[in-house]
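Letters A, B, C and D name the chains as they come in the text, with residue numbers starting at 1 for each one.
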Amino acid sequence: MTATLYGFCAAVLVGLGLFGLIVHPQPLRKILAFNLIGGGVFLLFGAVARRGAAAGFGGDPVPQALVITGLVVAFAATALAVALLLRLTGAARQAGLRSDG
Amino acid sequence: MSFDIGLTLLVLAVAAWTIAARETFVAVVGFVAYGLLLAFVWVRLAAPDVALTEAALGSGLTGGLLIGASSRLRRSQSPAAEEAPGVVLKAAAAVLSILVSAGLAAIVLLLPDPAPTLAPQAAASIAATGLGNPVTAVLMAYRAIDTLLEIVVLLLALVGIWSLAPDRDWGRRLDRRGSTDPVSVLTFVAQLLVPVGIIVGIHIFWVGSVAPGGEFQGATILATMWTLASMAGLVSAAAVTRRWLRLVLTIGPAVFLAIGLAGFALAGAFLAYPKSHAKLMILVIEIPVTLSIAATLALLVAGPPERARQ
Amino acid sequence: MSLVLNVLSVLAVCAGAFFFLAGTVGLLRFPDPLCRLHALTKADNIGLGLVVIGLLFRAASPLTALKHVGVWLLVLLAGATVTQLIAHIARPSGPRA
Amino acid sequence: MADFLFAAAGFVLAMVALGLVRVLRGPSEVDRIMAAQLVGTGGIAALLLLAEATGSPAAVDVALILALLAAFVSVAFVTASSRSEVDGT
């Protein structure tokens, strides 16, 4: 029951993130929205893991381990995206406005 | 149950507001709160290991990264780049998002009832390794190859970030949030927190073999402490060309790979551990891996080397 | 004996919850940022402290108790320093000497 | 007793939700960051209560991490904004 509830939560989160990803013009907001989608997908994994509780564990440890690696990789991807974005705006500023670097 | 319903509504409200907020900074603060609430959700879903990871990453490094980025972008944002999408596009996006959500919700409802589970196999790998924490057993034994590849992915992301540095800045010291801040309270808090944080990080890493915790959580805390120390100007940033830095970054995957290859000789398969020494070998892998992950995460936050901004 | 401990625990947790209520009300109702900072520190330090004390009456092991106290001390440290840092920004002229 | 602790956790979490309104309304960035700090503290208290109510000791570790990192985001905010002052507008 708890798993189903949070499964619904995950479904709505993915929808919200998708909406933000399409609608927002600023790249940083797109990165945030993408992370929201990621959170929803991880939560879906969590719901599935909770349903798979067996062998004396509160949840299936395999999806849980996948989510842990996923969280760290999602962070790395976010950091890469932010670095790209900052470099891009830096280059745009130097090209467009007068350079005061 | 009502607690869970309230928590769900809270998570959704914060997420909606992260999307709807007009200012980027507000959205970033909302996203940090969202990470905190997700840690709650993971506790409720009986996934304490994930809750630890989410708490360490979501309320620490991710928040710092995004706040830094939003404050730098605000100074250099050209208003022309912000054309709002039309009503038609918004409506289409809303319809698409609702369809996707409905589809996922239907999938959640239609999940097979005796839920398929890999827990018995994971339990078997616990027995084989002598570890007490099923998630660590999965990460280090049952699906060790995923973990190895993930660490390589982290390094690749770092290489990607470093490759963004202009040629003239390569080899300079990383411009961390320098010690230009004269407010000495910052130095004080960093001096107190960093040692405590290192102890907590090592503790979380160490209990990972028997209780929730492990190398990712511990490494994230260590990386946050490093970032905090450099934000306060306690440690000076290293140039990315330094040999010791490269060594710390690569020693984890190198040891992991070496022991994995040794598995062919010792136990007959890649990443297989000999039965008698499984726990010891996992520990031998985990220590350098933790150091490497911590260094990689901290450098990911630091970004590409660039000139000091004066 | 355990009844007394339970009662003490309930009292302390209730008092802590009250301080969180007070802090939140202050955060919402007080007129300017520095007043709100004041409300915030009350909630931080006393509310959490009382909750921790309440839970200490029920602590299963010394390590758990130590962790609870550690959590409180860390939050005290963070609250004391961060509010000061933030107050520097909230008041553009900086602190009065 | 567990029910009481559960209810207390829910109450503190509700206070956190109200505090989020301040993050929403602002008006200044300082208000937002401060409210985020309160959200963190309330979250820590709720987690400790939840850990005791449901008997999951790992939640105490989660609270410990949150307490350790409570200062981090605010420090990042302060350094970022003092940097933007140094850089000039």
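Keep in mind that, in the parts below, a contact is a pair of C-beta atoms (placed from the backbone, for glycine too) under 8 Å apart; a residue touches a chain by one contact, two chains touch by 3 or more.
The structure presented is a predicted model; accordingly, all values stated were derived computationally and were not measured.
The pair with more inter-chain C-beta contacts, choosing from B-C and B-D, is B-D. Measuring from the averaged C-alpha position of chain B to that of chain C gives a distance of 28 Å. Chain C has its Cα centroid 31 Å from the Cα centroid of chain A.
Distance from the chain B centre to the chain D centre is 19 Å, each centre being the mean of its Cα atoms. Of all residues in chain A, none touches two or more other chains. The multi-chain contact residues of chain B, meaning those touching 2 or more other chains, are 46, 49, 72, 183, 186, 189, 193, 196, 309. Among all residues of chain D, those that touch two or more other chains are 16, 33, 57, 61, 64, 68, 70-71, 75, 78, 81-82. Pairs of chains meeting the touch criterion: A-B, B-C, B-D, C-D. Residues 70, 74, 77-78, 81-82, 84-85, 88 of chain C are the ones touching chain B in the complex. Contact residues of chain D toward chain C in the complex are 1, 4-5, 8, 11-12, 15-16, 18-19, 21-22, 28, 30-31, 33-35, 37-38, 41-42, 44-45, 48-49, 52, 57, 60-61, 63-64, 67-68, 70-71, 74-75, 78, 81-82. Partner chain B is touched in their complex by these residues of chain D: 6, 9-10, 13-14, 16-17, 20, 23-24, 26, 29, 32-33, 36, 39-40, 43, 46-47, 50-51, 56-59, 61-62, 64-66, 68-73, 75-84, 86-87, 89. On the chain A side of its complex with chain B, the touching residues are 1-20, 22-26, 28-29, 31-33, 35-36, 39-40, 42-44, 46-62, 64-69, 71-73, 75-80, 82-87, 89-90, 92-93, 96, 101. Contacts from chain B toward chain C in the complex involve residues 183, 185-186, 188-189, 192-193, 196.
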